[in-house]
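Before any comments, here is the structure.
Order of writing sets the labels: A, B, C and D. Residues in every chain begin at 1.
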Amino acid sequence: MTNLSAILDDIATEMAVETERGAVATYIPELAKVSPDHFGIAVVTRDGHIHSAGDAAMPFSIQSVSKVFTLSMALERLGEKCWRRVGREPSGDPFNSIVQLEADNGIPRNPLINAGAIVISDILLADRTPSATIERILAFIQMAADDAAISIDNAVACSERDTGERNMALAHFIRASGNLDHPADRTLEVYFNQCAIAMSCVQLAKAGRMFAFTQQFDPDVLAPITPQHARQVNALMLTCGHYDGSGEFASEVGLPGKSGVGGGILAIVPGIASIAVWSPGLNAVGNSHLGALALERLAHRMGWSVFGTT
Amino acid sequence: MTNLSAILDDIATEMAVETERGAVATYIPELAKVSPDHFGIAVVTRDGHIHSAGDAAMPFSIQSVSKVFTLSMALERLGEKCWRRVGREPSGDPFNSIVQLEADNGIPRNPLINAGAIVISDILLADRTPSATIERILAFIQMAADDAAISIDNAVACSERDTGERNMALAHFIRASGNLDHPADRTLEVYFNQCAIAMSCVQLAKAGRMFAFTQQFDPDVLAPITPQHARQVNALMLTCGHYDGSGEFASEVGLPGKSGVGGGILAIVPGIASIAVWSPGLNAVGNSHLGALALERLAHRMGWSVFGTT
Amino acid sequence: MTNLSAILDDIATEMAVETERGAVATYIPELAKVSPDHFGIAVVTRDGHIHSAGDAAMPFSIQSVSKVFTLSMALERLGEKCWRRVGREPSGDPFNSIVQLEADNGIPRNPLINAGAIVISDILLADRTPSATIERILAFIQMAADDAAISIDNAVACSERDTGERNMALAHFIRASGNLDHPADRTLEVYFNQCAIAMSCVQLAKAGRMFAFTQQFDPDVLAPITPQHARQVNALMLTCGHYDGSGEFASEVGLPGKSGVGGGILAIVPGIASIAVWSPGLNAVGNSHLGALALERLAHRMGWSVFGTT
Amino acid sequence: MTNLSAILDDIATEMAVETERGAVATYIPELAKVSPDHFGIAVVTRDGHIHSAGDAAMPFSIQSVSKVFTLSMALERLGEKCWRRVGREPSGDPFNSIVQLEADNGIPRNPLINAGAIVISDILLADRTPSATIERILAFIQMAADDAAISIDNAVACSERDTGERNMALAHFIRASGNLDHPADRTLEVYFNQCAIAMSCVQLAKAGRMFAFTQQFDPDVLAPITPQHARQVNALMLTCGHYDGSGEFASEVGLPGKSGVGGGILAIVPGIASIAVWSPGLNAVGNSHLGALALERLAHRMGWSVFGTT
């Protein structure tokens, strides 16, 4: 796929000169320090080749992208029982998510909104210590990305803990509704740390292979998740992966994807490719502005869409 | 695809003996008269062959399935400008849709909820009479299905008009917010009639070709919608097509689809097939109970999913 | 009470020079034509004397002030059964009123919000024609004010009907929930007309005597409402009479009162006085700006507050 | 007022034989242990006489009744500036209070809902330690009740702290919105302890004198609050003092009042009497069932209503 490498280079060149780059998230102090000039992209294809351009080797805070990995772990642990503690429907606007939590007795609408991801963290805790649980999450992602160098950025982790009043509120609400087995602060210790995992585009694209090629792992390695769970996570990414811009992303890019406020997006072309893109500036609904634009162009030029060929 | 025909026959046989069949909608008197024993399914493949089983030739009220056709017409007429008057994000629970309408100044979240479909009806009215507009909608669907016999069930149309207080309320709210160009009763006359279009599974599957095979129409016939619009409609069906069961349908069936309270579902396998299924009994969130079950089995047996192979 | 007359004159003089006068309601075209320079006030005391100042004899559109009179009629007709169809709790912010209507199966929170007043209009209809019902409402108010010259301003009535899309929506919602016995348009014909009743401050203060002095009517005339109902209406005025400014009015003026977007306010000093004030400019929450200010000064200078002496 | 004592005795006798007594609050374990058989009532009149009946000397947990005292302290400290941090409008149904908090940037609707009382606790903290702040609150109430024996029930305080997840959530939300100067757990330590103050009906009625007779305190003692603040607190009690039963209480009893889930109610007859009643069983909206009934009978028999004589 020389073609693919050339297209990535073109896109990186185009992104470099874009003047409208979005705004870097400021609510987490450590994230606010990152320059909006960065742009990186990496694609892993079915044959295992890695194509990349720009700052594809530079680690960034994956933030909410971590939710698809913890969800995968919870699915392997509990299977369909997960859906008793968290729904799988889109949540509507952000405002709705709290109203809904109140109305639905603490069952979050889906595992990709904060409330749902907190419940998933609680499932993974399973009476372990928060630090043991965080170790397991990190190990799972390192295994999936085949890279033991992936780590947690402690500066971001602490920063999240200091500014996460809103997530504290959500956790206490869920606990008040009886849908949290562990105290709010223990569950949030897991959650805040998983959000602070730092990965490069190359590492993230490699970890995303579990959603793109469920049968492709080394026969010596247990595939991390079943094909059914991979499809379920892809479905959730497509319907709920971009906050209140999920519908627009589905419409314009046409691929399952999950974004984080660190500016990263993981996107999946089922059976064909796992893509990671990063640019720190966010659009009005909190997704990487250039990341989404780059994915739209890449999908268009490659004819990648789950909704029909171009 | 003898295989496909055999699978459809098997599924129809399985559905015939299911005892849990859901509940027929009662809020529209004419629909309440339909027997829950019916089940029909039809699939049109890329080569143009039609495979069917059960009551695939029996007309039923397509109800909300009509929304994907009127949306298609509006997209051809206004293009991207449509998205100024209606959003394309999932709406969350039904309760949320009214709250949201209030909060968003009368811009419905998407064109597949009632409020959004009413705005689309208003776009199609375009200063014509309601009856002329209804004629155009019917002609569009007849053309797409290649069947001039498709008609409106006047008994259902009137029945809707008598019981549609809630839709009247929505239309007046939208009008109050300045997002309806025509009086509420004129817009609703279009809306109520489009919902009363009667089609068989075979007719509906044929009409659905515009979303599955955008390049496949007879070169003598103008393809009814552009490939880009087909992908956009598919994306909306996947994220918003099954009310508050959209996420579950995406997760379990893995295909874009739109259901109606008449018990019909249109489902699309992009590039491969257009599927229509019908069984009048509805599940708790208002989608055909056996229709969804049959699609889940068909998708599983054929390996059809936009989210990865089985 | 020469003192009272002097105080009213002083207040009228003070109001005449106020430069901050609020904004005249524009959503009803006829109301938008009224000059913000008007100010009138009238007080009827227990001994029957009428004290007034400013434009106290000039008729204005009473709008929502009419709700206390139709509620009184409904209470006389149905008694406590009224509370099965409408609540008597404050509704919170205006936004909440629609959400609540949805959540509470069409039972409005109280009879002084639009939804509740529409239900009261429906109770008064009682299978009569809208025009016969309007006649009865007008007759009730004429009797209470002892002035047969009170009439409906037809220009305002029609204007309301043309712009009342939002109230149409509310009525259809309530009808959809089964809490409206008559079609939405018939009920609203009553509602729109009652809002268009025109009264002067003197007439309104006289009509308000039924809430201030329940035993004071001529023994030859049947007192229009019972003491218990007068107290209930006063309680509703105090908790819900000024939209989202009810709490502030209770806190600053300390009297039961009901405002209308025409700029009128009826306020009651139980056992002591019935007050009507009018100035067309409204504050941010829709109550007469100078009307509220004048009442605050009058209450302070007279030591009138139901919450303790000054 | 021999008459008053006789009426109280009659009411206590009537309450003793009531079989419908409501349900004791179970969400705070310590409260769940209290017998529903208790009933006590005490009235302090303008002349300083104390009339009582039943278990009027038995201490109970005042819970939310404490909110009127902490509000009074905050008003004396900040005056009108309080209203920048908390509103004074009724909040509608309980469900609405969280939605509203979200919509209004963390400004609670009024100081008598939990969210508002938490902000008041934060105002009183003023960089002191929680325990010093609690001491001050207790001293204020002891002074008002002229009884240094009033204390905090530590068993209840701890119990609240263990079960107060929902209040933790509210505090973190408010803190996230920037309307809490101190960390959530410090503010809640104040809040949980103030709710655990134990008082008898006699003590509570005496403390309530500050709202009933603002000029009546011993000239040697500084009156605890100004007449204006007393009227403001009375207005808030009337509009917001009984959760989602505030309107019904205003309508049926006609007096400002504040209830707590411990079964206590403080009610004020401005200028005439301060009343405290206690019975642990609660009605559907969380107010003392017999307490409200007893107040309705007492108000009726004494002709006490701020909305007009009976």
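Odds and ends about this structure:
Simple rule for what comes next: a residue touches a chain if its C-beta (ideal position, glycine included) is under 8 Å from a C-beta of that chain, and two chains touch if they have at least 3 such contacts.
What you see is a predicted model; the values in this text were computed from it and never measured.
If you take subunit B and subunit C together, no chain is in touch with both. Most remote from subunit A, judged by the distance between CA-atom centroids, is C.
If each chain is reduced to the centroid of its CA atoms, subunit B and subunit D end up 55 Å from each other.
Computed from the mean C-alpha positions, the centre of subunit A lies at a distance of 32 Å from the centre of subunit B. Multi-chain contact residues, meaning those touching two or more other chains, occur in subunit D at positions 95, 99, 103.
This structure has the following touching chain pairs: A-B, A-D, B-C, C-D. By the touch criterion stated above, subunit D contacts subunit C in their complex at residues 87-93, 95-96, 99-100, 103, 109-110, 211-212, 214, 227-228, 230-232, 234-236, 238-240, 244-248, 250-251, 254, 256, 270-271, 305-310. The touching residues of subunit C, when paired with subunit B in their complex, are 95, 98-99, 102-103, 165-166, 168-173, 175-176, 184.
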